[in-house]
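Letters are used for the chains, namely A, B, C and D, taken in the order the chains are written, and counting of residues starts over at 1 for each.
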C-alpha cells in the first residue's frame, strides 16, 4: 500500500524486475541455433514521463516540497528532451496515429515516449542499461516503462508478442505487469492453412451473394425492411463480416512488409505489438459476430409453437417486469453507491463504482469475501451485507 | 494458539515487528528531499498496561503463581508511574476526551497510556528503543503497543495516517495488526477542488431552503406530518446533512491549526489519527445519507401503477410473511445457538454469537468451510450442517 | 502419497516433529517464575504397536517379505513386553476403563499402550529420548505415538490440554496432527463465577419442581401423556439436564482431587485429557439441550393462526413430499455410490461414502472442486458432475 | 508461459525432476530388508520423439530456422534408430497392441518408444543417466519422457503403479505430471478375501440364472421385449456384468504370470501399468453398472401412486420443456462460443470448447473466477459475465 520509491530506488527495482528479461536477452544471441522460440529483432524499452509541477501543492507544504509530479495524463506528459546526447532515449518520439494506447492498472498511456533498443549481445545490453542508470534515465517524473519484444515459434507457427510494464504511480512504489499476445500472424503455411484460405474465399463469395440478396430486399420492402429487428441484426452481421475481411487482407500485407524489413536488418525493433493488438480486436469482433449468428437461429425457429407461446406470455407481462426491474435497479444502485462510499479505500472489490456493481452481482451468486467487508467497517460492513442479501433473496425472489 | 510470551521475549517480538517501521524512520530523515511521501512530524509509540492481581488465581495455584494480569479492561488499567525518570514514557498520560478508543482484535483500548516520540534521526531512534528495552519498558502487564505516524503525498494530495498495533492478550503471545487511513484532509488545492467547494456552498443554500420548506409543512400539518414515514426520512436526511456541513467546517479549521503547529516545530507528533477517524465516520454518515436519498426516489414513483399493485399485495400477505419470518428466525437462532456452543472454541467463524449468525447467512449463500466444521466435531458438525441446509432449502424455500 | 518410513527414519521424523514440544519442555523448568502459562506436571509419551504377521502376505512375495504389520486394530495390538528393562516404556499398560479412545485420521486407538513421562529438566528429557532412540523404542510395528501435556493460564483461568499425535499408517509415512482442548475446569474463582454458581443452584431447584410437575402429569394422563411428541421432548430435556448436573458435580470433585495429587508431587502426569474429553462432550450435550429448548418455543406459539394453517398444509401434502423425497434420495444415493466407486482413490472429498454424501450436498450449495473431479477421471468426471447438477437443479427444483 | 528449453537444458531439468525418483531407487536396494513398500523389479524410462521437418516453416524464416519439430502426433513420430549402439534406448520399440495410450496434458501418446531400464544399484543408475546425457539421448525432437515403476505394500496388500511424466510441448519448456494407480491386483489373500471370492461365485451363478430368465422372456415376447426401456437397461447390466467377470478371471491369470516372471528374474520391468489401467477401467465400468442398478429400483416402485402422477405430469409438459431446453441450449452454446473465442488464449478455464461449457455450468453454481475474466478482456469480460448471469437467472428461472 505505502511503498516509498525514489530515483535511485527505482533503478534498483528496475533491475530486480529485469532478470526475467535478461534471461531472454541472453538467449537471444543464440536464438538462431538452438532454441524453440526465435527472438525477432531486438528488445525495445520505452518510458513516459510527466512534467514537474503538474499538480498543485498546498501552501503550507511549499517549504518542504518543491517538486510535484501528478498522475499520468496526456496533458501532463513531459515531452521535452533531457539528460545528455540527442539519441532517441533522451528525445521524445511522438506516438504514431494508429498505434493503440495502453490501458495499465493506474493509467491509460499514449504510445509515444522516450525509447531505445537494446543491442543484440548480452554484455552490450548490460552496459547500456548501466550507462542509463548512472545518468538517471529514470527520474521522479517517470510514470511507466514498457519493455517490448516478440518471439516466433516455428514448430506451431505462432508469434508471441510480449510487453512487460512497470508503472510508477504518483503515490510511489512500482507495479509490474505483463501483457502477452499469442497470435498467428503468418497464415497459409501448412496444407490445412490453405484449406482454411479456401474456406475464407468461399465465405467471401457467400457474403457477396448475401449482400446482393439484402440489397434486393431493401429495394423491395423499402422502409418496412428497417422495422424488423432481425433485418438490423443481419445488416450488422454483414458489416462486421466485411470489416473482418478487409482487416484480414491488411494484416497479411502488413506482416509480410514487416517480415521483409526484419529480414534485411535484424537490429530493428519490429512493431508487432500494434498488429497483435488489432488481431485480438479482430478476434473479439469475430466472436461477437458468431454470437449474433447463433441468436439468428431463433429467427427460423420462431414458427415453433412453444416459442410463440412463450414470447406472447413475455410480452404480456413485460410492463410488470419492467416496473419490477426498475425498482430492483434503484435499490441495487443505492446499495452499490453505499458500498462504494463506505468501502472504497479499504476493499479492492469496491474500489470503483463499476467494481461495486460487479461485486454485488458476485455476492448474489455466492462469490464474496465477507472477511474483507467486515474488516473494512465492523458495523456498517455486516449491516450492508445482510440487508443486501435479504433484499435480493427474500423480497425480490 | 498457545504461544508463550514473557518480558524479554516481548522485546524480541517487538524488534521483529519493528523493521517495517524502521525503514520508514530511516527514510524520514531525507524525506524533505527525495521521497514521494513526506513523513509528517515524528513517530509516536504508546502502550497500555493492566495492574497486577486484576484477576483472581485459584487457591491451589497460589503457590506457583504470584502475579496475575487480566485482559485489558478500562478498570484494570495500570496508570501508576513506573521504571526510571519522569519522562512521558514512564508516566501515564490520560486520554483526551474527544480522541476515539481503538477497537483491537482482543480489546477496546482507551486513548491514554505511556507514550513517547522517536527522535528524527535513525541512530537516535535505535538508541532510544534499546534503552527502553534494557529498562524493560514492556512488562508482563503490557497489553497493547501502538505505533502512530502520518505521511503526506503531495502528488495526489492525500494524507496517510498509519497505526501499527501489537496486542498482547492475557493468554500470552502477540497479535500484530495495522490500521491505515487514506484521507484527503487538505481540500481546496486545485481548480477542481474549488469547483467542489462551490458545489458545497450551493448544497448548503439548498439545504437552508429545504429546511424552511419543511418547517412550513410541519407548522401546516402539525401531527399529521409525523405520521408519514417519508417525512421522517426527510428529517433524518436534513439532520445528517447539517451535521456533515458542521463537521466539514470544523475539520478544515482543525487541519490548518495542526499544520501550523507542525510547521513551527517538526519534532511534535501531529494527532491526525483523531481527525482521520472522524473523517472516516463522516464519510460513512454521508454514504448512509446518500443511500436514503436513493430510497427517497420511491416516494415520487409510487404513483406508478405497478408499484401500488405490488405494495398492495405485500401489505395483504404481510401477516403471513411476518408469522413465517418469526418461525424462520426462531429456528435460525436455535441453530446459531447450537453452532455457537458446539464450535465456539474450535472454529474461527463461530467464535462469537454475531459471527455465528453471519456464518449461517454465508452458508445459505454457499460460502462455508465444511472441513473446519467437520474437524471441530466429527459427529455433530455434519449433522448440524446438513440439517441446517435441509431446513433452509427444503422446508422454507 | 507414497512416503517410505522405516525404524530409524521414524526416529528422525519424531525428532523433527519434536521441537514445538521441546520448546515448551524447556520453558517448563522456569514456568513457576515468568510465563503466562504454567505447565502442569510432566509430559507423557505413549505408543501403540501391532503384532507382526497380523496380515497375510501373498505366497509369491513370501521370499521377499518376512514381516507384515497390519493397520491398527484392537485385536492386532501388540501387548507383549519388549526391549530392555521392565520400566513402563517397555511394558504394556492396559487402558483404564473410563478413558476415551482416540479417533485419529487412520484409526481408532485404545487408551493403553507403552508409556513413559519425560523428566522436568530439558537435558534429561533429551537424554531419555536419545536412549530410547538407540534402543529403537519405535519399531516397524508402531502405529501411533501420543504426546500429552496440559497447561494452565491463570490470567484467564483456562486449562489447555494438548495432545500431539504422530500416526504411522500401514502404508508407510507419518501423519502428524494435534488436538487441543481449552476448558475451564476450575470454576468458582471470581465473583462472577460465584454468581453463575448461584444460577446453577436456582436451575437445579427449577428442575426439581419441573420433575414433580411432570410426574404428576404422567400419573394423571397415563398413556395419553406419551402420545404427544412435546411431552417426549420435555422428558428428554429433563433427562439431559439431570445428567449435566451430575457430571458437573463429578467434574468439580475430580479436578480438586487431581490438583491435590499434582500439588503434592509435580513429577506425575495429571490425566486432564480424560476430564477435558468429558467436559467437551458435556458442552455438546448442553448445546443440544438448549437447541431443543428453542424448538419448544413452538409449542407455545402453535396457537398462532398462521402456524396452524402452515402445518395443516404441510400434513396434507406430506404424502407427496415423502414420495418425492424418497425418489430424490434414491437418485442421490445412486450418484453418491457412483462418485464413491469412481473417485474413491483419487479425490479426497470422495474417499468414504459419507464424504461422498457431504460432497454432493456441497455441490448443490456451490462449493466444489471441479478441477479435482476432472483430473481424477477425464470422461466420467464431467459427465458425473453435469448430470448430477442437471438432476438436482432442473428436474427436482 | 514462455520457457525456453533446449537439448542440454532438458537434461538439467530432467535431473532436477529426478530426485524424487532417485530416493526410491536408493531405497530399492534395501527394499527386501526394511521398508514397508517393496519396489517391484526395476525402473523403466521411455521417450517418444517426433521427426524433424514435421511442420512447415514459413519461407521468410527459412534462413533463420532449419529444424522444425511439430507437436506429438502418431504420424510425426520418429521411429528411426539414433545415437550409438544398438541397445533398446537407441532403438525404437513398437507399442504392443493392448497397452493403453497415455493421455497427457498436451498430447495423446502411443505406448512404444525408446526405452531402457535402470540397473538396481544407485551408482550404476547415476552412471547410466550420466552416459545418456553426454550422448544427448534427449534431443530437440523429444516430446515426452515416461518413468515407470511399481511398488507393493504387503501390509495392506496394495500395488502402487507410478508413472512420472515430463512432457516437452512444441512451444518449449517442460511440463511434469504424475499418474498413480493404487490397485489391489492380488486378491484372495486373507479370509475376508476368500469370503468375497465366494460372493463373486454366487454372483456368477445369479447372473447365469438371470440370463436364462431373460432369454426365456425374449423368446416369449419377441419384439415386444425390446420396446421397454427397462428391458434394455437389464440387458446392458447383464452385458457389463459378464465383461466384468471375464476381466476378473483374465486379471488373476495375468498377475500370477507377471509375478512368476518377476520372481525368476528381478531385473525385468514388470508392466503392471497396463494391468492397473484396465483394472481402473473395470472399476469405472462396475461403478456405472451399480449406478444403473440403483436406477432399476424405480422399475419396482413405479406402481407407487405419487410416481405415476409425477411421470404423467412430466410427460404432459414434456413438449414445452423440450422447446424450452432447446432454446436454453442455443443461447448457452452461443455464450460458450463467445467465451471460447474471446478468452481462449488468456483464461485457463476457457481454453477448450468443452471447458467453456463446464465453466459456464460452474458460473451458474457460483464457482467462477471473475478477476481472470476481467483481466483477459476489460470490456467484453464483464459484459459477457453479467449478460450471461442475467440470461440464466432472470429470464429462464
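The criterion applied here is as follows: a contact is a pair of C-beta atoms (placed from the backbone, for glycine too) under 8 Å apart; a residue touches a chain by one contact, two chains touch by 3 or more.
Computed from a prediction, not measured in an experiment: that's the story for all the values here.
At the interface between chain C and chain D, two copies of one sequence, fewer than half of the residue numbers in use are shared by both copies. Comparing the centres of all chains, each the average of its CA atoms, the largest separation from chain B belongs to D. Between the two copies, chain B and chain C, the Cα superposition rotates by 90°, quoted to the nearest 5.
Chain D has its Cα centroid 37 Å from the Cα centroid of chain A. Computed centre separation for the pair chain B/chain D is 53 angstrom, with centres defined by C-alpha atoms.
For chain A, the set of residues that touch two or more other chains comprises 366-367. Of all the residues in chain D, the ones that touch chain C in their complex are 23-24, 27, 31-32, 34-38, 103, 151-158, 160, 162, 180, 182, 186, 189-190, 256, 259-260, 263, 283-284, 286-288, 290-291, 294-295, 297-298, 301, 304-307, 310, 354, 358, 361-362, 364-367. Of all residues in chain D, those touching chain A in their complex are 1-2, 4-7, 55-58, 60-61, 63-65, 68-71, 140, 170-172, 319-320, 323-324, 326-327, 330-331, 333-335, 337-338, 341-342, 345, 363, 366-368, 370, 374, 377-378, 380, 382, 385-386, 389, 393.
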